[in-house]
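Here chain A shows up in two complexes: once beside chain B, once beside chain C.
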Partner chain A sequence: MKEKRMNPRKVSALKDFACVVPVLIFLAIFTYYPIVELIRISFTDWNLLKDTWQYVGFKNWEWLFNGSGTRYLWNSLRVTVLYSIGELAVTIVGGMLFALIFNRMNKAFGAMRAIVFMPKYVAMSSAAVVFLWILNTDTGILNYFLSLIGISPVDWLGNRNTALISVLMLTGWRCIGYGMMIYLSAMMGISTDYYEAAALDGANSVQKFFKITLPMLSPTTLFLFVTTFISSMKVFQSVDILTQGGPYRSTEVFVYNIYRYAMVDFRMDRASTVAIFFFVLLLLVTVATMKISKGNVTYDS
Partner chain B sequence: MRKKLALALAAAMTVGAITGCSGGGSTGKSAVGGGETAAAAEEGGETTAADPANYEVTEPITITWWHALEEQYTDTVEQIVNDFNNSQDLITVQAEYVGSYSDVNEALVAAHAAGSGLPAITVANTPYVAEYGAGGLTEDLTPYIEATGYDIEDFGDGMIAASQYDGKQVSLPFLISTQIMFYNKDMADEMGITMPTTWEEMDTFMQEATVKAADGTTETYASIIPGWDQWYFETFYLNQGVKIINDDQVTTDLNSDTAVAIAAKLKEWCDNGYTYWTGTADDASSNMRNNFISGKALSVIHTTSLYDTYVDQCDFEVGMAWLPGAETKNQEIGGCVLLIPAKNDQATKNAAWQFMQYLCSKDVNMTWAEGTGYMPTRKSVLETEEGQAFLEKKPAFQAIFDNLDLINPRIQHAAWNQLTTIWKNSMAELIIEGGDVQEAMDQMAMEIDDVLGDV
Partner chain C sequence: MDKHALADVNARNESAKRMRKIKAVVQWVLAIIVLLIIIFPIYWMLVSSVKSQEEILLPVPTLWPREFHFENYINVLNRGNFAKYYWNTAVMTAGILISQVVTGIFAGYGFSKGKFKGQGLCFVIVLGALMIPIQVTFIPLYIMIANWGLSDTFLGLILPDVVSPYYIFMLRQSFMAIDDSYVDAAKVDGLGRIGIITKVLAPMCKSTLFTVTLVTFTNGWNNYFWPKIIARGEKRRVLTIGLAYLQNTFAGNETMNNHEIMAGAVLAVVPVIILFFIFQKYMLTGYSKAAMK
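After this line comes the complex of A and B, so read on.
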């Protein structure tokens, strides 16, 4: 009997463990297993059209880094980075600008804030379809307004130079309110003591912004930077509906590139290979952002 | 304690990963197994091929039909399905609109790979036949045809060839069309323009039929050639001897001198404002249609299936002209075939076969031909008085009836779909963004060779 009784600390640890087991099982099935599968599939020649597959060694990796896939890998990397920079600029710079403009707590401004934030509630697919019409070359309202000031019609979605900008217009419309809201709540949290002290020392409002507001918002900026950057790297829906990666793959972001190999070309092997590359890349980027930003953020404690 | 917990966690993860792995292995195996059973079933089918009892429907069954027929065809689809459901007791068909031909393709291949969610019968755009045949997605209909004594010979020869793969009848012709040059007859008469019949004449036609404003912008395009589907411009290549896929089946000659000259010509016409490149965007087709309907283009190259749609929407007389040829003046089959996915069970396949015979029957075909721009598919119509009666109703179809023998099957290759995507994109990029034609075509050929060699 005595031997069977367990150390109470051990029992407690076991209980703790039992509590996380369900989550672990879920993670194992829906996250870790697919990742392991991806790696395995990348060494096969699995084409959805065929019933059988076999292992082909590093063939897909060769295709990706030293074959016809290379050109489009770098293309999608470039497009994704450009898109991310755009979304980051809109969310952080635009969000902060809007937060400063709408930082008045009364009913009228409350209503305006709600209007700016509203697009976030609209489903991306619906919004994208509406933008398809806005951006239409012949009948779109954007070109109509441009024609009023004498600008000839622009083929927004059919031209390499404007297609990505068009996608970013939709992104901006949807995301700027989100950035604004996050910044506003952070601004509320900055103690007025700082501003009073600065006023006593004779600081003007520009100085107040750069010496107090901006540094005090740096944790928020970091948060927005990291979350927006990672989510923007995974953009898909808007591209799928607005441009399908076109014209001629000029808006083919990473996830769309993977989707294309898997569901248009039916090359699961190639899609998996690109997906692994993307996964590793995203992992490295996240670690790097966290590391670099550690030293440059002011936490008000 | 912490360390132990971490260890346990790691262990749990590893176990998860390992079981995951073996699961993956079995996926592969089961897929192979699926293939074997299919093969076994086929063998079984062969030995008793002539026995009609194997292909009879004996119990009530509900089957799904996937199609890509848009809104304007809804009434016809409903009527045809209802008529079939009411004509017998056992089979109930549910029609399901899946989307465009490429949507159907994506959904079908995904369902085939998953082995579930397959329709009993589906339409498929003509160029997919080879891909599906090679991948074992489609049921070989030959034993069904033999057992039920189905009269396949009545279909036009090109249509039969277009629905076969490797000599096997893996599908049946359903809604068949071909490329055509629709033109604004009133405008052409007024301008004194005759439609070009050769590629050579096309050059002068493009110049003469274009109307430009004082500032040099185009008021009326001579013609618009769709860039969202290479089907509309590939005959220009084929008729000048470009093979597109060489006899070795793994290389392309789309960067040969002739091919580059054609691409350069197309680009030149666009650069001169005689036409514009539509690009590959979703709205390219509706933009082109609007330009034609509103008189901003004298002609457009499109599919005959849209004949009735154009006639309805245009307030001028719509003419149809055979595409300009060269050494040959061949054209290609378009539209869709019907097929039965091979992974269905036999009862479903048998019911699908019944419905397929009905859909491809002469009466149903004529319903489509009269109500839309799809063509009559039967020799017993095309070559008889019935065809003459049809022409009286639709005189513009004379251009097609005159050239029936010139309508060829599509190029069949398992990587065709990938090839065309690269081709369309390269053409759009070259013409819209500019660049050196030879260089662009060489780069394109390199990519195409890669997909052709890797199927």
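After this line comes the complex of A and C, so read on.
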């Protein structure tokens, strides 16, 4: 008996599908399934220190929105928003300023640009321990420099008013060159015709910047805004090394809050509940920023 | 009359020239100031890493070390166990890199040049994963992987990073830019899928492939969050985590051993920074390429 041959078209489609199957399986197990688990765990009282667990209904959600967890939820939300605003300001305003400063096309400036961009590639943990050392109250060099101009030592990381600023210094150092590079590559794409036309109309450089450069860069700004906002909400590492969320939770960002419940208190139930809330928040921010980005932008056409 | 007009134009050119010169000077001065500020932490890390313990504790810091103590590096590698962390980091990074490249290239092919039912839906599944960061899913992931007995193992470190939706997306985009006729011609020549990928698509997208792979390498090497969760013991600790622990490894006040911590920090960044200088062209565009979608 002759085996029935499959349609070659079908075989080809099957082989193409086989190319993406491993990826789909992995994503299903390691990305999508955990979301389902997360929802399930949030309805249990799972504490890693106990042997058993059971379903407890909405108890954790009550704890989160109307219980002892509420305070810390709003606190971490506030800290995260403050941090995000800081990172956005540095990346967008600072990046733009740096782009204007380094916008000169010769070898020396090319080398300088590379160095300004380099911190992005310095591992966050290395950068963080260096900043820990620079910001040290007693022997740190920043306080030494400040003492030269008559400012008394600041307890950068131990004071709730300056701790978040310290974290932002580190973030700013690593991100500003990135904002600069993105803006510079966009600036090079702006046609010189606009500037020539403006020069004929007698516009000075300040006018040119506000009337041409800034509007023409709005898609870039929007892009930086969306991506930086979303990534800044996920900040963890700098906080973990510099302050561990302290002092008095003044730097306890969202992810650190979840991390603390899960890996310090071993309350998987509570951690999962906060994690779901965080996930929904991320989705909302993503959708909202995408919505805003349709419209409000000048495109060169 | 004519002479006056000419003088006028000349004067205007003169003043424009002067303006341009002033602008250049201002730009240079600002650039150098900014550069010094940005470079200072790196300079301070390098300088501090070769100072002696006495020197690092001086109330008035020295901007240039009095003596060079390169043994700080040896101490960190041996006493601080950094040699082992290096090995752990290298194996983890290699594992992540290889698996992301292999899965990424095949999936990138499937989503660009392949044709099958449900292709669009499958791609949405991949893109959707971009919205689910590990910072959200780490709790179930930790429980699952620890239950499999994989905490403190290389497999445990690598598993959640085997597939990168970002990598797949980038490769798909650049494969799509290649005309189908190349693929059809290769098929006529009797090349299979692996042949098409390795002999046609990959060579034509060399620079994208290389750039994205460099970003993957950097992200793997600097990985922090997941290793902190899954490798809580010493056995498979990576450099980034080891560095954070270094303060506790050498007993005593945290300011006491900053020279050695700085040596550790230097050791941790050296491979990536070397790559950065060799492949500057690619690495400068790496992130912005990702940016332009």
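Keep this in mind: the second predicted complex is superposed on the first by the 278 of 301 C-alpha atoms of A that agree within 3 Å, B and C clash if a C-alpha of one lies under 4 Å from a C-alpha of the other, contacts with A are read in each partner's own complex, and residues count from 1 in each chain.
Assume a contact is a pair of C-beta atoms (placed from the backbone, for glycine too) under 8 Å apart; a residue touches a chain by one contact, two chains touch by 3 or more.
Predicted model only: the values in this text are computed from it and were never measured.
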First, second, both or neither for A:214, with chain B first and chain C second: neither
Which of chain B and chain C A:136 touches, first, second, both or neither: both
Contacts of A:181 with chain B and chain C, given as first, second, both or neither: second
Chain B versus chain C as contact partner of A:249, first or second or both or neither: first
Between chain B and chain C, more extensive residue contact with chain A: C
Touched partner set for A:24, first chain B, second chain C, both or neither: both
Partner chain in contact with A:102 - chain B first, chain C second, else both or neither: second
Touched partner set for A:126, first chain B, second chain C, both or neither: second
Touching partner for A:16 - first (chain B), second (chain C), both, neither: both
Partner chain in contact with A:236 - chain B first, chain C second, else both or neither: second
Overlapping contact positions on chain A, where the chain C interface meets the chain B interface: 13, 16-17, 20, 24, 27, 32-33, 37, 136, 138, 263
List of chain A residues in touch with chain C within their complex: 12-20, 22-24, 26-27, 30-35, 37-38, 41, 98, 101-104, 109, 112-131, 133-134, 136, 138-139, 141, 144, 173, 176-178, 181-182, 185, 205, 223-224, 227, 234, 236-237, 240-241, 255, 258, 262-263, 268, 271-272, 275, 278-279, 282-283, 286
Contact footprint of chain A on chain B as seen in their complex: 1, 4-5, 8-9, 12-13, 15-17, 20-21, 23-24, 28, 31-32, 34-35, 38, 102, 106, 109-110, 112-113, 131-132, 134-137, 279-284, 287, 290, 414, 417-418, 421, 425-426, 428-429, 432-433, 446-447, 450-451, 455
Chain A - residues contacting chain B, complex: 9, 13, 16-17, 20-21, 24-25, 27-29, 32-33, 36-37, 40, 47-53, 67-68, 132, 136-138, 155, 157-160, 243-244, 246-249, 263-266
Sites on chain C touched by chain A in the complex: 23-24, 27, 30-32, 34-35, 38-39, 41-42, 44-45, 48, 56-61, 103, 106-107, 109-111, 113-117, 122, 125-126, 129, 131-133, 135-144, 159-160, 162-163, 165, 168, 193, 218, 221-222, 224-225, 228-229, 239-241, 243-244, 246-247, 255, 258, 261-262, 264-266, 268-269, 272-273, 276, 280, 283-285, 287-288, 291
